[in-house]
Amino acid sequence: MFLHKSILIHDVHVQNPDPVFAEKLLEQYGGATGELSAALTYLTQSYHTDNPGIRDMLQDIATEELGHLEVVALLIEQHTNKASANLQNKAYQSTLFAIRGPGPHLVDSKGLSWDGRYVNEGGHVVRDLRANIAAEAGALATYEQLIAMSTDDGTREALRHLATREVSHTHMFMEALKSLNALDQPLFGDLKPDETVNLYFNLSSGPGADERGPWNREPTFQYIADPLQHEMQQHGGRSKASNEMTPPGAMPDRNPATNR
Amino acid sequence: MFLHKSILIHDVHVQNPDPVFAEKLLEQYGGATGELSAALTYLTQSYHTDNPGIRDMLQDIATEELGHLEVVALLIEQHTNKASANLQNKAYQSTLFAIRGPGPHLVDSKGLSWDGRYVNEGGHVVRDLRANIAAEAGALATYEQLIAMSTDDGTREALRHLATREVSHTHMFMEALKSLNALDQPLFGDLKPDETVNLYFNLSSGPGADERGPWNREPTFQYIADPLQHEMQQHGGRSKASNEMTPPGAMPDRNPATNR
Amino acid sequence: MFLHKSILIHDVHVQNPDPVFAEKLLEQYGGATGELSAALTYLTQSYHTDNPGIRDMLQDIATEELGHLEVVALLIEQHTNKASANLQNKAYQSTLFAIRGPGPHLVDSKGLSWDGRYVNEGGHVVRDLRANIAAEAGALATYEQLIAMSTDDGTREALRHLATREVSHTHMFMEALKSLNALDQPLFGDLKPDETVNLYFNLSSGPGADERGPWNREPTFQYIADPLQHEMQQHGGRSKASNEMTPPGAMPDRNPATNR
Amino acid sequence: MFLHKSILIHDVHVQNPDPVFAEKLLEQYGGATGELSAALTYLTQSYHTDNPGIRDMLQDIATEELGHLEVVALLIEQHTNKASANLQNKAYQSTLFAIRGPGPHLVDSKGLSWDGRYVNEGGHVVRDLRANIAAEAGALATYEQLIAMSTDDGTREALRHLATREVSHTHMFMEALKSLNALDQPLFGDLKPDETVNLYFNLSSGPGADERGPWNREPTFQYIADPLQHEMQQHGGRSKASNEMTPPGAMPDRNPATNR
Amino acid sequence: MFLHKSILIHDVHVQNPDPVFAEKLLEQYGGATGELSAALTYLTQSYHTDNPGIRDMLQDIATEELGHLEVVALLIEQHTNKASANLQNKAYQSTLFAIRGPGPHLVDSKGLSWDGRYVNEGGHVVRDLRANIAAEAGALATYEQLIAMSTDDGTREALRHLATREVSHTHMFMEALKSLNALDQPLFGDLKPDETVNLYFNLSSGPGADERGPWNREPTFQYIADPLQHEMQQHGGRSKASNEMTPPGAMPDRNPATNR
Amino acid sequence: MFLHKSILIHDVHVQNPDPVFAEKLLEQYGGATGELSAALTYLTQSYHTDNPGIRDMLQDIATEELGHLEVVALLIEQHTNKASANLQNKAYQSTLFAIRGPGPHLVDSKGLSWDGRYVNEGGHVVRDLRANIAAEAGALATYEQLIAMSTDDGTREALRHLATREVSHTHMFMEALKSLNALDQPLFGDLKPDETVNLYFNLSSGPGADERGPWNREPTFQYIADPLQHEMQQHGGRSKASNEMTPPGAMPDRNPATNR
């Protein structure tokens, strides 16, 4: 069960309320990279793993993210709600709060409703932890952008805390993946890979599009410079074995019935 | 520019067409973890990075995923289209193909349209690469489940290739992250973290909910067993400094105006 | 801030796990009438009212609904997760859990993602409380249907508790509306109504479509049996005043430029 | 069957066309609280009830709402369409109408498409009528905000009529609920509630979060000040009966297998 | 304004109610190709054209489609509502109606809510009429499939009427386009086309992928067999003019800064 | 399989970058009428037809549209990315790019994610080709509006090419429909129409709402001036046959049990 305490997980003291900035803050209340996405992702994932330690970690962090959601809510409330003549003029700049009323709403900075598709989970703990590391990177990027756009010290200070904790959670998820030996190596799950597992297909080609790097370099990977030619040779070999003839100069049609 | 060649990136030979299984295959044509999600994610990300090597890698892999999308399309086409009396009876089991017609559609296994929110990108190369590793894990998990559910050898063989390549791409993205020193350490971007960066809050507590592991263990992390108490102490210190009185036994209200 | 306790707000003891029934249960995890909709609605609403009592009530109930979300999650987990040969056979009947994995997911019984549009709030406490009464009625209706479809005593007992609490919350919201004198009378807010406020327009007419009841009966309402005639008479009066001519027998065109 | 008459249910005379205000008006054409939501909700509900009077009332009001939809359409048309040099300059301020063209579109003020999820119905007449009262409150709130933002007398006059009718409909729905004895008491439907039906759980606690009011006051409700303690006592009682031991000082784990 | 008459635009006499077939019928109540999509598309379009005849035609047909929506609603109502022991058993096969209750709902056959994106309009009468012809073709295709799947004579007879009228409307829209000289020739609107207007790019190539037909045949079109070569030649010419050097054998990089 | 070449299908040279205009350009990257909608529609349709020529044409054009998507991507990239002090100031005007980062994103000009519902296909080649003609008209209309709003010569020149090609594709689709004899006549598919196929129902009536034109003129169509009367007469005939009495002056209730 959950309990709620009337003490914030981090203080919120907005000095210069700004409804237009509050629209941007909605990104972290009802947006894709926001605190609700994080809380519901980790909570849902926690019911999928039998590993008691990771289950507990996911519920600890999910609960913290609910507390962060509340911090974002209060930031938005203070940016839209504080009574002052100055604010009234600014309020007219925000259609969203004029129509929906002040305070947080479950939408992003463009007014788009939060969507369950933001929750990235699928019943496999390694997949889920990797998704979490990606999600935290997204949340951090949004916070950095919000901090850069904010001119209010109180707001920036609170955002800095929320951003800090995204880094902390990333660290925790990485440690959990390390404990499963899954951080720096692809896992095959139940898969018996086929012979192409180390091939790199240079399918985008031309000047400036044939770059080399650790992601396509021997000996880890075998670089296939001309994948079309490679496919045709593979096919040619098999064709001969099955005694089919390919007319000279023609591209062999491996699958004539289906890919016209 | 793109070119299309009438040669498949991998053969498709369905032996026992099954429209009900084809519904499940839609998950990888128009579903969240499918090939379209991958292709459009990497293509969109490629326009966001100035790193020419990573830009090229993203376009190579995006182009390969378009070829995979075609392979999935032909699997679905063959599972729903092949003329046979046997198939006609099976076809009645699939409302989806009965109403929409045979062949691939841009929906998932439940008939839900593909959605741009599946594309996880945000203008920062580290975030994007991390999202890709997570996405490939999701795609792999779905392929494993599809392989486990399939009884058709031709289908399983094609799915095994597609699954293999997800592992290959994971490996490439990990190498790219390593080249940016971003695989195994959280990055702070422009963020100056606050003093809580190494704290672990045990917000989910009680028997079986106080597990310890590398993700909350000293010296990497400082374990806060009772975060509510921790917050109140933090607050108590600041309160004294500002000469406010907290009644004995009461929980200090750090933010009385806003969090009633 | 929120805390999570490893004690359920109500016991969950599924005796006969059934993945197909678990699909239906998803309606209350990730569906429109589910516990998440309730929790996020009341939490978001709580930031919109200055009335400290109603704010507290909304946060009390929102927190309870989070605990209910957890109960539903565990019902789904037990219905999909318990190891038994019998369950394995049943599992094949659920495409949803086969593809997504066991346990709860943020979708409804048809696999549609939860959507922020389910959250009904708008910055006015009377509107919000009325929406809540409606929402609880929807949740209750779904629980009744789930109970009717369930054959597992443990499941039915837990669902009965969750349904009971929806009634309890309805009662609380009604008492709150009564305390605002808003339960049984329409409120006008800032509106100065026009002269039509008590008219009932019989716009659907013909045999069986001219029923009378307290909702259109004098003296509360004035029944306009032929609204088209009524509109034309209203218009005729105004037309004369403005000295426009209407050809005899023709329907006056009140707005010739726009409503052709 | 439906008929359409070239006479408006209320006049529309916009004097000072303003495309930016027209964007806000879209909220009532294609938005959540708009006339389309109302019309389709009542029409769909009308097919669910066997009560001929309520069925007729729902169809009368649904038909009126279609007429209101037309009034909103013409308001938007006149605000975006009237030829004048002045309007041309203003038009550039509205990306929405610049790209989509003038006149109404099935989107809300942020450009988000109307969504069937706005239709709140579920096959039970009491639930449906309660939802309608809530929906009318939302529509009224939006109209009040639009009237407050409008500076055009013709627009305000038309909006005042539309807002008035929402109050009228609220009144009608309340009378219908009264005729079913369902306005001021929670109904239990087929539910046999459990023993918690009158408990109020104070799950949000701390200073300012323990407010009392009619919604949690004796004798109607029993106030549970410490729900965690309450749950543990309930559990303790049952535990003893079943002869399980709880270690002193520990929180009993009611559901050890599932809620770690 | 709209009026509703208690007379159906076509009779509905379901003889063998079948809730599973009713799920399929939802496709035409709340689905993409359904009557609601048609009604709202034509109604919205009618406010966009200044041509009084076409405006009237759109409102005539929109009003008819509302009557068709009612026919579909009653088909669904009768398929799910008629009291009979036989129906009770069938009802358990439909999760959708079990959970949502009998009668029509604003969803398609997979339970997905109707979406404003189904409304295809954009402020230009030619575009709108073309979209309508396409939409009617979609509606007809769905009706044909429903008729093929139906075994109930009363249902088939009603569906045949609805399908017939889609053909009628197609004919009307074609006549309207002919009256605008826009049926069989592409229109350029305000566009001054560039020199490529008659080129056909053979971008999909290989065996079976170089088909010729009226859509790429001279003299109407100029067939570009190798578009990549064509682009490079175009570029080569311009490059020389601007005195840039292209290394021999290399593919000229037309846009080096942006398309790596 | 697909190949990507580092040569654009049309040059992109933005001279005056403008992030606010780039928001509008998103309409053609991730919007309803954009290049992605076109590419995925034609690709998906290509798997539904057995006509090899039309299948090839659809894949040729789909591949071209992918190249157009890339052109739009680079327009957006150049409008948001070019380093200049001037751009920095303009950038603050675009919340969308400030929060999401520069470059293309899979959303429309209002920030709404691309949606699979934009893909209009359904397994019948005539329906599909008609949908394509409509879609191209929508794309052209959007390009015209973008060209009208653009003040940058390089941007306008690229947009003119993209718009030109939409006209070209329209022409090709029309030729394909002509080759199937389906351009200018409604097709009946498997439908045996009923006797109403040539009736025009004047359901919207009154001054200015009874226009006549080729779409409702004899001999092609029979104009039913008063459809309600027509329905009642039809019904009267049948009623007599079945010996039911209609009270004088009353509207006959054709379906008393269902349409009250």
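When the chains are written out, they are named A, B, C, D, E and F in that same order, and each has its own residue count from 1.
One rule holds for everything that comes next: a residue touches a chain if its C-beta (ideal position, glycine included) is under 8 Å from a C-beta of that chain, and two chains touch if they have at least 3 such contacts.
Note that the structure is a prediction, hence the values are computed from the model and not measured.
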Count the residue numbers both subunit D and subunit E use at their shared interface, divide by all numbers used there, and answer same if that is over half, different if under half.
same
Between the pairs A-D and C-D, the one where more C-beta pairs touch:
C-D
If you average the CA atoms of subunit E and of subunit F, how far apart do the two points sit, in angstrom?
7
When centres are defined as mean Cα positions, the distance from subunit A to subunit E in whole Å is 34
Shared-contact residues (touching 2 or more other chains) in subunit D
1-9, 52, 55-56, 59-60, 62-63, 67, 70, 74, 77, 101, 110-113, 115, 117, 122-124, 141-142, 203-204, 206-209, 211, 227-228, 231, 251-253, 259-260
Residues of subunit C defined as touching subunit D within the complex:
5-9, 11-12, 32-33, 52-57, 59-60, 62-64, 67, 70, 74, 77-78, 115, 117-118, 120, 122-124, 126-127, 130-138, 140-144, 147-148, 160-161, 163-165, 167-168, 170-176, 178-179, 183-194, 196-204, 208-216, 220-221, 227-228, 231-232, 235, 251-255, 258-260
List the residues on subunit F that touch subunit D in their complex, please.
23-24, 27, 108-112, 141-142, 145-146, 149, 203-209, 227-228, 231, 260
So, in the complex, the side of subunit F touching subunit B is made of residues 1-5, 7-9, 30, 36, 40, 43-44, 47-48, 59-60, 62-63, 66-67, 70, 73-74, 76-77, 100-107, 113-117, 119, 121-124
In the complex formed with subunit F, which residues of subunit D make contact?
1-7, 52, 55-56, 95-96, 98-99, 101, 110-113
